[in-house]
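Two complexes come next, and they have one chain in common, subunit A, joined by subunit B in the first and subunit C in the second.
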Partner chain A sequence: MNALRQVFNDHPKAIVFAAGALLRLLTALLFPSLPDLLTLRPEISTPVNSFRRLKEGSFLYERGLDPYDGGIFHQAPLFLSLFSLMPDPSFWIGRLVSILLYTGLDVLSADCLYSIAESGAAHTTRSFQSPRKARTWKPLSVAAIYLFNPYTLLACLGRPTTVFATAFTLLSISHACQRQTVTAAFALAFAAYVSLHPLLLLPPVGLLCYDRLCMDMDGSHDSPPHDETSFAPTTNSTIAVDQRAFPKAIPFALRFAATFAIFLALLLGLSRLLLPSWKFIPSVYLTALTLPDLTPNPGLWWYFFIEMFDAFRSFFLGVFALHMLSYSVPFCLRFQKQPLTAVVLMMGIIAIFEPYANAGTAGAWLSALCLLSHLFELSSLHRYTFPAMATLLYSTFLGPAFHHLWIYAGSGNANFFYAITLVWSLALLIILTDTVYSALRDEWEAERPEGKGKDVGQI
Partner chain B sequence: MPLRTSSKGSSRVNIETVARLLTIRNSPILLRLPPFVSALCLVVGIAWLFILPLNEYSRQTYVSENAILPGQVHTYFGGSEHNVFRAYRHEVYQMAQWSQADRLAAIEGIMRDIGLKSARQPYRYTVAGEDIQGTNVYALLQGPRADATEAMVLMAAWRNFDGEINHSGVALALTMARYFKRWSIWSKDIIILIPADSTYGSEAWVSAYHSTATEVTAWRNVSELSIKAGALQAAVAIDYPVGPWGHRFDKLDILYDGINGALPNLDLLNTAVSIASGQMGIGCSIHGVAAHSDSYQDRLKTLARGVMTQSAGHATGPHSAFMPYHVDAITLKTVGDGWHDEMSLGRTTESIFRSINNLLEHLHQSFFFYILLNANRFVSIGNYLPAAMLMAGNFTIAALALWLQSGRAPMTPTTKPADTASKLDGLQLEKVKLGDAVVLVPIQATKPMIRHLFLPVLAALAVHLFGVLPLKALVSLHRDYLTLSLQAIALASYLLPSLLSILLVRTLSASTQQIQILQSLSLLLLSAVLATLATLNFSLAFVVGVLAWPLAFVRPLFNPFAASMTLTSTNLHRSLLLAGQLLVTALYLALSPATVLYILTRYFDTSVQWTLLEMAKAWQIQGVYTALVVWAIWWPAWIVGGVVLTSSAWKPRS
Partner chain C sequence: MRLLSLPTPLLAAISLPSLSDATHTSNWAVLVSTSRFWFNYRHMANTLSLYRTVKRLGVPDSQIILMLPDDMACNPRNTFSGSVFNDKSRELDLYDQKPDTPTQESAEGGDIATESETSETTPQIMPAGIEVDYRGNEVTVETFIRLLTDRWPASHPTSKRLLTNSQSNILIYMTGHGGDSFLKFQDAEEISSHDLADAFAQMHEKGRYNELLFMIDTCQANTMYESFYSPGVVGMGSSARDQSSYSHHADQDVGVAVIDRWTYYALEFLETRLNSTSADVRLGELFDFMTFDRVHSDAGIRADLLEGGEEAARNRRVLDFFGNVQGVDVEMGDGGRESLGDWRADLEALRRIGERTKREMGELNVTVGAGSKVSAREAGADRSVLPAMRVEGDVLDMAASTGGSGWLKKAIGGTSLLLLGAAWVAGSKMR
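For the complex of A and B:
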């Protein structure tokens, strides 16, 4: 017992990461039919990330046919070359190799979360320091929450390609926290290349980069300006330090966006080299916007557009897409002082509102939420964290049951499953809005410490 | 979103509202309410089932699908068919004396003589050291107007569910096949199936029908079917185990429970009932309640039997195996002494097949979730589901309350103050000032505590995963060891709670708060699973909910003769407390899954070994998940309840 404790104390990170990886591999080995079952589950595999469709695509690709003909395959072309290098996943060796690959991705994601949490970007920024700084969890706990989250575990075994998007999004954030602007832009470009919607993270990640760069220039960031005067409503809060030393905001933004665009163009160009035509662009990226495939998923779009009359379809597609788009910049404006919070909230918006939502992305977001662990006190004390988590638990069980009743037993219908996807999204949204509340309240209490612990009314 | 406290400048009304809300949030009354709400849910949930038989909460059945037209056709089965039937019955009686190979050849011979394509399907299952094997015989009647996309099944198992040889049933199925062959009206193929055995024969056949390739494993060897037709629309089984000299029956008992409590579409049942009683004048009964006077008691009895059968989830006849494959199926079983003969049963079957033949699409119009009160009265899901949901809700409320409690500093010791004055003394009060309004709140109510989640989460997970062990033992051991292993499990489950709480409290030094969180998580999981189960198998969820009810109210035992208690209460009072606690412990032990299993076998007068063997076979062969619910859901929750109960006993004295 003591020896074990000793080993754990010496290499805590290695032990936790190894346990996470081992759990994935052991689950795959002990239940050999589980990965293939999970690739069929609509909660994990959607038309734009399903592993089965990827196999279909690479089958066509290896035989010299255009995989984007026929409307089955909607995933990024680079996956074709990646998976054609690997053994056929229909056999156990290929299955194991693919699970090893996804385990590697999960370990990478957990490592990114570790370094983001280590950087302290959540509670200490250029112009703000959270009064609850001391409550932040250890980086290792954040990484462990990701590694042992049942949703990410199931997503790892179901092998949807959105796991790549998650890993690269987190990689981009961690590079942003380490002030590596170019690699952050590249990782985000790769995430957007894989699944389009991380594109919406460009403004908040840019803001995070900028904030971290300014902090670096500022140097003395153990005690940021904290007195009442610097928080006067009209003045810029960074006035206390020499702003001329900071990089200019607009040129920085343009430079960051340009880097992102160049990398994205590079990736698209590379994909074109693999394929006979540009046809993959509408097939991969328009699918996420026009929703041609209405296979059920835990998101909010499919049922709505099944019921929609064709005349209104394009209008509502526009409304839904604009709705998602409309959060990106406002979050950056409101959470200027806490850019990492803006990034995490935007990840939540994407996980909940994306057209082909899946439990893997939502699970990864829930784990990423632990980056804001200093806010948990607020949300669990004043908000509905426990009921929301209980609702998530309920919908996790009821979702597959209702899907079974609808598809297999034939005694239910589509409304059963749809109702549960609504409950699922509602629970995630409650967690999201509670986080918004806690982040704002935390910021407000930094300004007015006398309000701490008091109940608030809302105007 | 501007936030502010209610400060001096704001309006009076606002202050009052906030102050009132604050007091309500922290009001001791509200915090003590959850156990009562929980208990109310429980009582209402159980009482709910007792009002269902009333006229106001149940409905008359009705045929919902227009295409069925039950009893609208004239039936022609009769006359010389009677002679054919009697001849077949004598042949079947003869076959019963022959070896299996000769018998199969003889049945196939008859089918071929009629002009049908016939085939055999041998199957073999090995579970718990028991060999189950047999050979199904079946034949395909291609409907003259059919395009081979749809089929219906007429079934008569060689041995019925009670193990008797189904002489007249098999003979009637063969006669019907011969008779149907002459008609030109069939727009669906008809499959005549003679399974060797009521449970596993039809299971083997229907699973092979719905799979493209069958895999041979150590415990399962089911041959593929050489003849197949289209999608099965419905299946009707005949259970008429009467020897060569015939026997007139009184009523038809209609069996409809499928595997895991799945039910056939109510329209199929309605069709059978309306044809039998409306067209043929044969009375119908449900769950063997033959003398049904349609009184409250009889309806309740039928309901109770329905709930018990459904919650067991096992097969009730050859039709049961069809349900998981989305094929609606029923068994017509003859009961009693009366004046109906085999020809009326034949005409009923004919008419049912004519009705199914009329279907334009799969049965979907009517209810899939219902509880029958008699053959023509039912309760629909909207009326009965709240009962199970209240059961699940009771655990959720308890979990929420425990979670809230765990976030608060512990209130003053468990002593009960003698009067209000001392009650107030025991509490440290804190002034909460909101503008002009001042509220006195116990200091414990406003000081949140950090919850230490790691240990409880790990413990809850571990205990629930541990539930796989008894499940695995009871479904995979040899039958000779089943009784022994249940005894071992029963003994282990009496000891395990104490051992676990010693481990948690002594070795891992879990706090009271962590024990509360552990209980909260376990109850939350139980409630979520029960709510889910209620949508799949209402009765099982309800029964487990009723049996697990004490888990919502379990609180750590305490020693009434401890030093802290001696100051405030009398000796009598303390003795009563001790007696109460002993009673609670006895109740808790009596409601352990293993004990309940023993009590049930005693009540139904079956042997423990037989019950366990049937559960193992049902789990392995038919995928009945009742065992899983008992050992992987109810049992872990029960263990956690015991850990909570004994947790304070092992607390190190300081």
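For the complex of A and C:
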């Protein structure tokens, strides 16, 4: 036992990551029918990220047909070229290779979370230092939460392509924390190329990048991962900071957006070279906006639009999309002192309100939420963490059951499943709003330490 | 010898002496059971037994309207699924598809429905199969009254209509649960004796029957025919007012009663007395057979609506209502020879038609085998049903593997991914 503990203490990160990867591989090997079963579940596979549709699309692609001609395939074209290099997933070797690939993505995501947590961007920013800095979890804990999260495990086995989007989003955030603007933009461009919604993360990630650049400029370094300093907010250096050395905000924003746009254009152009026409653009990107496919999923859109009259359809599509869009810039404005919080909250908004929501994205977000672990004290004391967790578990178990009752047993109807998706979204939203509260309160308590522990009420 | 192989009703027609005073030209039967559910098995068995008897005596399915509101044969509670019995010996399956073969006469009181063979008659072959015209939820009061009065929309099929005329004799048999002047249909509704009387009145006005024998086996059955007022209707009921009609016996393995008393004895009479149709059986004998000792209730008749009253009713032949006996005029004598000559000429014409048809068929066979025009047409037809793949050359064979172009695609894919990787590395070098 002591030897094991010794090994763990020597190489904690390697052990945890290896355990996570091994868990996925073992599950795939011990339950060989599980991956294919999961690709059928609507909670994991939606019309825009389903692995089965990817197989269908790559089948057509390999035979020279345009996979976007039919209304089945709505995924990014580079996946076709990627999966054409891999063996056919119908056989066990192909399945294993695809699971290996997704395991690699999961390890990458965990590594990104590790580096984001390690950089301390959550609690130490240019103009703010959280009074609860000492309460942040170890970076390894955050990575472990991601690796051992059942949602991400099931997503890895079910292999939806939004795992790529999640991985590249986290990669983008991690590079932004390390001040590498170009690769951050590139990774975000790839994430937006895969699934449209990371586009909404452009303002927060840009803000984060700018913030980290400024922090670097003023000569301070990243705060050590587990700082034992006191609660009192201190400036990072005693030297006066020359703010003229900071990069200018607007040009930086334009540069960042331009880099993003160039990389996105590069990706789209490369896709066009692979395919006979531009048909993939409406198929991949307009699907999320016009919702032609209303297959049930854990999101909130499908039920509405099944019963929508055609005359009102475009109006409500606009309303729903605008709703999601409308959080992006306000989060940046309100959380400009702690941009990573803005990024994580925006990820949450996307996970809850995207048209084809799925459990994998939501699970990845819940893991990313642990980056803001210094806020957990606040939310657990003052807010509704336990009810939210309980509701989350409740909807996780009842969702598939009601879906089965509706579709297969025929003894339920759509309302059963829709109710569970409402409950699921409610649980996630409660967690989100509690995080907003905690972040804001933390910011407030940085200015007014005497307010700590007091109840906040509306005047 | 050839005469004996003719169907029995024709035998009866030739052998019966005073056939010319049969005033009807067709026989119809309307057999209605009105009860549903497993425990009313006996009502279904009653009706099916009557159906069998009436068919045996020559009424074709096209002239029988059988109304069964529930399915006993395929009921999940039926141990003998596919069979309906009317006797605990289970020797006769009323639901059988096989044509009857004559069996031995057994002990008295046992198998009432088996045919007994006597030396004078030929075995009677009952045509196989049960044809139910109204089943399940179609058996309602409305349907029954519409049937009697022939008030249907034009879409209603002819096989489900009572296509009688003023020369038709109709036998109407009803069984089920009834009461004082009403009969219950399917546990949901009732028909009253007045409704029935009015329906018969409509039938009389429209000239839809010559004479009508109304048989009813329910509790307080006699009350049902008391309201009749149309001429030519004879009623027979199983029990008087405030009297119940009883079931005869139950089969322990089927689990329910399988036949009612009144119907049991009616069938016994019909099977034993009417199997040889040379017997000139009269309705009066049937009436008298239903004694209190047998039926355990006061079976009654109503005959005052018939011309000549009860005496005329008692004198009617049972076969007038139960069998398909028609008044046939056989031309004899001088007229007969001419008719024979006509008959011969008809036969000759038929033979010529047959030969011509055969010749044409032979030509057709020859042309199909040889003619090039035909074969070309056939080949063209053959071509049109071939898979499109062979006709058009550029349709891809989807089942085959990708072939050479697949490698190109893989190469392009790999190159594009490498390109992206290079772009990533370049980007990471920049700040």
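Note that in this section the second predicted complex is superposed on the first by the 436 of 459 C-alpha atoms of A that agree within 3 Å, B and C clash if a C-alpha of one lies under 4 Å from a C-alpha of the other, contacts with A are read in each partner's own complex, and residues count from 1 in each chain.
Following the convention adopted for this analysis, contacts are C-beta pairs under 8 Å (C-beta built on N, C-alpha and C of every residue); 3 or more make two chains touch, one makes a residue touch a chain.
This structure is a prediction, so every number in the text was calculated from the model and none was measured.
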item	value
Superposition on subunit A - do subunit B and subunit C clash or fit	clash
Which superposed partner A:Leu25 touches (first subunit B, second subunit C, both, neither)	neither
First, second, both or neither for A:Leu275, with subunit B first and subunit C second	neither
Partner chain in contact with A:Val329 - subunit B first, subunit C second, else both or neither	neither
Between subunit B and subunit C, more extensive residue contact with subunit A	B
Which superposed partner A:Leu393 touches (first subunit B, second subunit C, both, neither)	first
First, second, both or neither for A:Ala401, with subunit B first and subunit C second	first
Which of subunit B and subunit C A:Thr183 touches, first, second, both or neither	second
Which of subunit B and subunit C A:Leu34 touches, first, second, both or neither	neither
Identified clashing stretch of subunit C versus subunit B [79-87, 151-159, 259-267 or 385-393]	79-87
Complex contacts: residues of subunit A adjacent to subunit B	377, 380-381, 386-387, 390, 393-394, 396-398, 401-402, 404-405, 408-412, 416, 437, 440-441, 444, 451, 453-459
Subunit A - residues contacting subunit C, complex	61-65, 78, 80-82, 84-85, 179-183, 185-186, 190, 263, 266-267, 270, 273-274
Subunit A partner contacts - residues on subunit C that touch it in the complex	396, 398, 402, 405-406, 409-410, 412-414, 416-417, 419-420, 423-424, 427-428, 430-431
Subunit A partner contacts - residues on subunit B that touch it in the complex	1-6, 10, 14, 17-18, 21-22, 262-263, 324, 326, 362, 364, 368-369, 396, 399-400, 403, 407, 446, 448, 450, 524-525, 528-529, 531-532, 535-536
